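Presented below are the structures under discussion, each in the form of structure tokens.
Two complexes follow with chain A in common, the first pairing it with chain B and the second with chain C.
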Partner chain A sequence: MKSKSRFILPFGIHIAKRDGIPSWKRWLIRAAAILIALLLCAIITIVITKLNPADVLKSMINGTFGSARKAWKTVYYVVILLGISLAVTPAFKMRFWNIGAEGQVLIGAFAAAACMFYAGRMPFFNDPGVSMQVKNLIVIPCMVIAAIAAGALWGFLPAFFKSRWNTNETLFTLMMNYVAIQLVKFMIAYREFPKLYQWSSNGTSVGTINAGFQSVGIGTFQKIGEQSGTQYVYPIVCIGLLTLLIFLYLKYSKHGYEIAVVGESERTASYAGIKVNRVIVRTMILSGALCGLVGFLIVAAEGTVSSDVVDGRGYTAVMVSWMSQFNPFGMIFSSLLLVFMQFGAKEVVMPDGVSLDKNFANMLMAIILFFIIGCEFFITYKLQVSRHKKREE
Partner chain B sequence: MWSFLTSFIPRALMQAMPLLYGSTGEILTEKSGNLNLGIPGIMFIGAITGVSGAFIYEHSVPAGQMIGILAVLIPLMSCLIGSFLMGLLYCFLTVTLRANQNVTGLSLTIFGTGVAQFLGGSLIKLTHAQEAGVASMTITETVKYYSNGNVPGWLAYSAVAIAILAALFLKYTRTGMQLRAVGENPATADAAGINVTRYKYLATIVGSMIAGLGGLCFVMECAHGTWSEPRIDQIGWLAIALVIFTTWRPAISIPASIMFGGLLILSEHLNPPIGIKELYTLIPYVVTLVVLIIVSLRKKRENLPPQSLGLAYFREER
Partner chain C sequence: MKRFFAIVLCLLMVTALFACKTQETEQPAEQPVEQSAEQPAEQPAEQPAEQPADQPAEPAAEGLDIKVGFICLHDENSTYDLNFINAAKAACATLGIPEGNYIIKTNIPEGKECYETAADMADSGCKIIFADSFGHEDFMIQAAKEFPDVQFCHSTGTKAHTENLPNYHNAFAAIYEGRYLAGIAAGMKLKEMLDEGKITEDQLKIGYVGAFTYAEVVSGYTSFFLGVKSIVPTVTMEVTFTGSWYDETAEKEGAVKLINNGCVLISQHADSMGAPSACESAGVPNVSYNGSTISVGPNTYIVSSRINWEPYYEYAIKAAAAGEAIPADWTGTIETGSVQLFELNDAVAAKDTQAAIDAAMAALKAGTLHVFDTSTFTKDGATLTSYLADVDTDPAFTPDTEVISDGYFHESEFRSAPYFDIQIDGITLLNMAF
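Let's look at the complex of A and B:
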């Protein structure tokens, strides 16, 4: 059964499945693909901008890490993207095509903001007699719980219908994105959500979440971001922890093992006594809940919510997760690369005054991804030149 | 009431046609078993290549001296070529290299959106047409050959024609039936001597070209030839939703697109109280969700998605 090759290509080349591939070779193929992709991206950039590659790189670095403020912002964007990628990973590993992270994050952010909004209208929170610490101690847990619950609900619904009636989850989650977007738009317009700002200006939003955090004893982080990055400390710490937890969860927990088996083959999983439906629903609730948590972190750092606060990162996260082959530590680098390109591109100005932008960065990112998804083929299969002359049949 | 209808109906029709193109293209694609989530990106590419073609032609000849047939053909051909290439890329990755369809489609969408928005924003600056006092990329001359303002132009009628043709093709021709067989069960189709790879390639590429026309149609009909960050991605995702909504039938897609198109712009015509507008826009998505659930509940065979939808076909792994 060694030669399974039946696909006949020109020049007597056959496609055959590899029996197994050493890990170093696998990563070598991936590295080669990424290298070729990066080279192609560099060529495209140079052809379009007609700039010296060194200059391009210099302005990109300047755009991302040029000042303390820029560096904080870059790191913040990296961790948020990383957070969403971590959140979608369990479901993806299970081969549950959840492309609804956009909506799950947004609805989480929305729920967190709603807590702030309604608390801001209550007399208790406008009472100057009550100390800020007490107010925060009530509001912040409410925000976290609401965000997680909302995200989990958005994840649960498609999983429930998928496990019960095999409803197509890709399209379901996609529609849920738009439901979330329109709901947020509606609430902003109808309930005049911007009033959220008023409450924040009383000093109960962004900064204070960190202030509350400070009093818990992580004030040392404050020193790192002396000037303006302080509101980003909180998300960075949280997502850092989350990376580790997700790694452990997927690699060493029983749940993680079940996810991997279901992803490989649902049939194998059910023969092995794994309750597939339960795993699907549980994992999607987890995935959605984590997305909701990221939504909370966005609101906590930015102090507001709008319908495009997620800004397509729900979709980008799928790419990040896939690029890194579901490895949480790999995702750190992928998200860094992506944010570096997105932020850096804005600083690249062509001789005639046109600057590159986020869209250009997205285009390059997609090219890199094309190479990565394409190279998986060469990991699973090998091309053989047939030893015999083409047989007449 | 009459004036409402006369202003609303033509606009609803114009809004519907890009959706119809997109959904017809996606139905053909999905009938071959390929779930192409790259439709928004393909529509974007179709739009930007068409507009760029028109823009370059318009700025290379003196005003008033454009030749009608070229003004029509140049955008049309560049749109078709652009979306052809996108379809080819998708097929190469998913069929030949057997990559995951969801991820490939998503990256195609991100790619197409990126290319189109970048070019749309900077082409005008790169060609130095800015000095002529144009703020955003417009193709006012070319648009005249495509539509005349307030009534749907020929691209709209062709959308309906293409949808009807696709419906007839899928239902009554031998090739159409073989295509459906590929989508339902490629292994069986393969055993029956159908060239699965060729069918997948052809259906996806033709579908992608039809969807690309939808992008061009959006710019010409809905945006009147002005490129200002169009919301083509929204149209593209809705087109994919329409595929489920119509349970994979291009003929039903004609009234369904008109309904969706109407719902999209209804709020602008009814002047509802502030905020309620967004709820009107919510309707198409909720309706699609409900249809998706009902279809999977009832499990009537003719309403289900093609059975091998989203799965790559490896002959050796039967």
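Let's look at the complex of A and C:
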């Protein structure tokens, strides 16, 4: 019986499914995976740059927390990644393979930016007699609503098609990403500098929207005092609250329970009287709306939109969510680790003055993700050395 | 199962130990090699006098005490960025800026990341920051507003003269003069081919592979054409565009198309080896840009023009260190060493090419010769006496400045980046899609 489920590797090693594993052991495996991943990152960095490891670490810390502005920026990037991870979590906990966060965030960002853009062209907002606070009080709620609605729509469509016609949600959400990216590219090219768009090599970016308004522009978060980076305090507080809310929602609310049951088994859920399709659509709207909200936070903090404003974080967030086992507090740590590696690596300067670039940072991130996702294999399966083989020898 | 787990853990520890060990042994073994092999070989060559004097006494007068940052769109694999990176390293070496006081960041896209990189550099103490790509401009301006004490210099940009920021500057070079000189080399070659009977008068047609239909490219191929025309007045030219600064296949195909159309000499304004290698396999002479391509075209490469950014880097860094103002627009010339024509390939170039180039160069320097002399070209059959160019950047590309006076088109005078965008007679554009 048991041998049937076994998969035989060379050297008499067998792979067998574990019957169950105590949670301390599970965490030990994960800790070991992270440790090995970090070690491998360190070795690769040192071999390539030929720098002394202490210097590398110092540069990395300097790159992430070297100044007040850098620290604000790092925390901001952490919370944005965390926010997207939180947003995809309900869907994934339901085992709905939503890889459309990239598009949902982008379309939310785009909707928010559109509000900002058109507000900047209205006479009311150009009236110097009206204070910036009043202008923002009108524009920012519009941006929030537009972003949430756009994100929710992007989440709703695949869920609706899934529940109605059982379409494949992975492909559908992936396609929605491309729709969002191309739409944003087109609108940027169409509205802004159609000629310059082609000149710039990637053609995806616009200048800061409404940059002419006071220091930053309407619809953007303002710095507190003069300290650069303090505009990030708003997204940080916002995502902080969201972390708590998602934790409560998943753990204690009826919806959260339904999500968990659907995730375990759709059949069990429907026998228990849960309307599975409704849960799927509802959860995806929530996921999409939260993604849209994060899109708004990005635009309001940065004052601009481009088709690569999400920069692959919609996909990274899926990993973050998985590797934290859908635990919102675990995601804080995972996001911090990834952002630290990403920003830190870019600050490492090689002896010829050229610093390591984004590609290198991505490589480090890939190593960490590979190990952390890979270690789940060792949690579900175990390796055994065959006794028969031993006897033969 | 427990036993197996123990084995796995043991294995982990052993590999970890191994990793630590190799790391430790590698370190001492490699570093001295690195230092002894590379350091002395490189440094004395570049800064012979400064190094010994500089190292013992830290605040020595020789090396400039300033931190510098460079932002590049791509890395060394792009000839365009390589040209900047080499200039950056050379400028820092000449000025005696020690390692660790200059940072070159590569693969920075034309988006908010450019702003963040610039801001990070300013935070790390950089007092002057350069960016190399057109699309970096808005983000450099954003950083310039936030860090008024730091100088931001942007190559190829167009907005400095209208932004009015004291710490934001554009730079370019009068590369049209370099193109003109390269055109003379091409003209000499054509004349030689005529004299030798290899081609007849009515076969005098040359080809040009361009990237986009923007002023920078138009200015480039027109000046090249005028250079050729100054030697062989009856020449015509066909231009094809690829729609990309770097697309080896498209550039190769473009060159092949031109050759099949009967072009007897090819030049290009794009960054790959596509056109030069197509010319080499067809045996058609080629005039290059950005750097020598003699490696792929030993039998067809004539000469190359390029912008050398080193003089600007040195000038701007010195000015920033001394606290002097840097002009909003800086245009490098032949005189400053920014416009270079180099590696004339004597095996391919016609006789007396060097003499013809030197004569034209002297005339350009003296101001007796102007590349865009309105008496040398016509538009729709008529000589131009007035032209409004789009010098101040705006979304609608409104022409705003009169640029023709004293009988010539004043290129790169009202701002450093080119704005010559007239389609003159004698040049046929094969496609206008880009």
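List of remarks:
Here is the rule we use: the second predicted complex is superposed on the first by the 323 of 393 C-alpha atoms of A that agree within 3 Å, B and C clash if a C-alpha of one lies under 4 Å from a C-alpha of the other, contacts with A are read in each partner's own complex, and residues count from 1 in each chain.
In the analysis below, a residue touches a chain if its C-beta (ideal position, glycine included) is under 8 Å from a C-beta of that chain, and two chains touch if they have at least 3 such contacts.
Since this is a predicted model, take the numbers as computed values, not measurements.
With both structures placed on the common chain, the touch criterion links A:Ser265 to neither chain B nor chain C. When the two structures are aligned on the shared chain, A:Ala366 is found in touch with chain B, with no touch to chain C. Touch criterion met: A:Leu171 reaches chain B, while chain C stays clear of it.
Of the two partner chains placed by the overlay, only chain B lies in contact with A:Thr316; chain C stays clear of it. Of the two partner chains placed by superposition, A:Ser253 touches none, neither chain B nor chain C. By the document's definition of touching, of the two partners only chain B reaches A:Ala189; chain C does not. Judged by the touch definition given at the top, the superposed model places A:Trp97 against chain B, while chain C stays out of reach. Applying the stated contact rule after C-alpha superposition, one finds that A:Val354 touches each of chain B and chain C. Contacts of chain A with chain B, set against its contacts with chain C after fitting on chain A, overlap at residues 352-354, 357, 359.
Looking at the complex, you find that chain C touches chain A at residues 1, 4-5, 8-9, 12, 15-16, 19, 22-23, 26-27, 30-31, 34, 38, 73, 75, 85, 88-89, 92, 99-100, 102-113, 116, 119-120, 123-124, 133-135, 138-139, 141-142, 146, 212, 214, 243-245, 395, 397, 434. Residues of chain B touching chain A in their complex: 35, 37, 89, 93, 97-100, 102-104, 106-111, 113-118, 121-122, 125-126, 128, 237, 240-241, 244, 274-279, 281-282, 285-286, 288-289, 292-293, 296-297, 299, 305, 309-310, 315-316.
Contact residues of chain A toward chain C in the complex are 25, 32, 35-36, 39-40, 42-43, 46-47, 50, 52-53, 62-63, 66-67, 69-70, 73, 192-193, 195-196, 198-202, 204-208, 211, 228, 302, 304, 306, 308-309, 346-347, 349, 351-355, 357-359, 378, 382-385.
Taken together, the chain A residues at the contact with chain B in this complex read 4-7, 17, 97, 99, 161, 165-168, 170-172, 174-176, 178-179, 182-183, 185-187, 189-191, 312, 315-316, 318-319, 322, 352-354, 356-357, 359-367, 369-370, 373-374, 376-377, 380-381.
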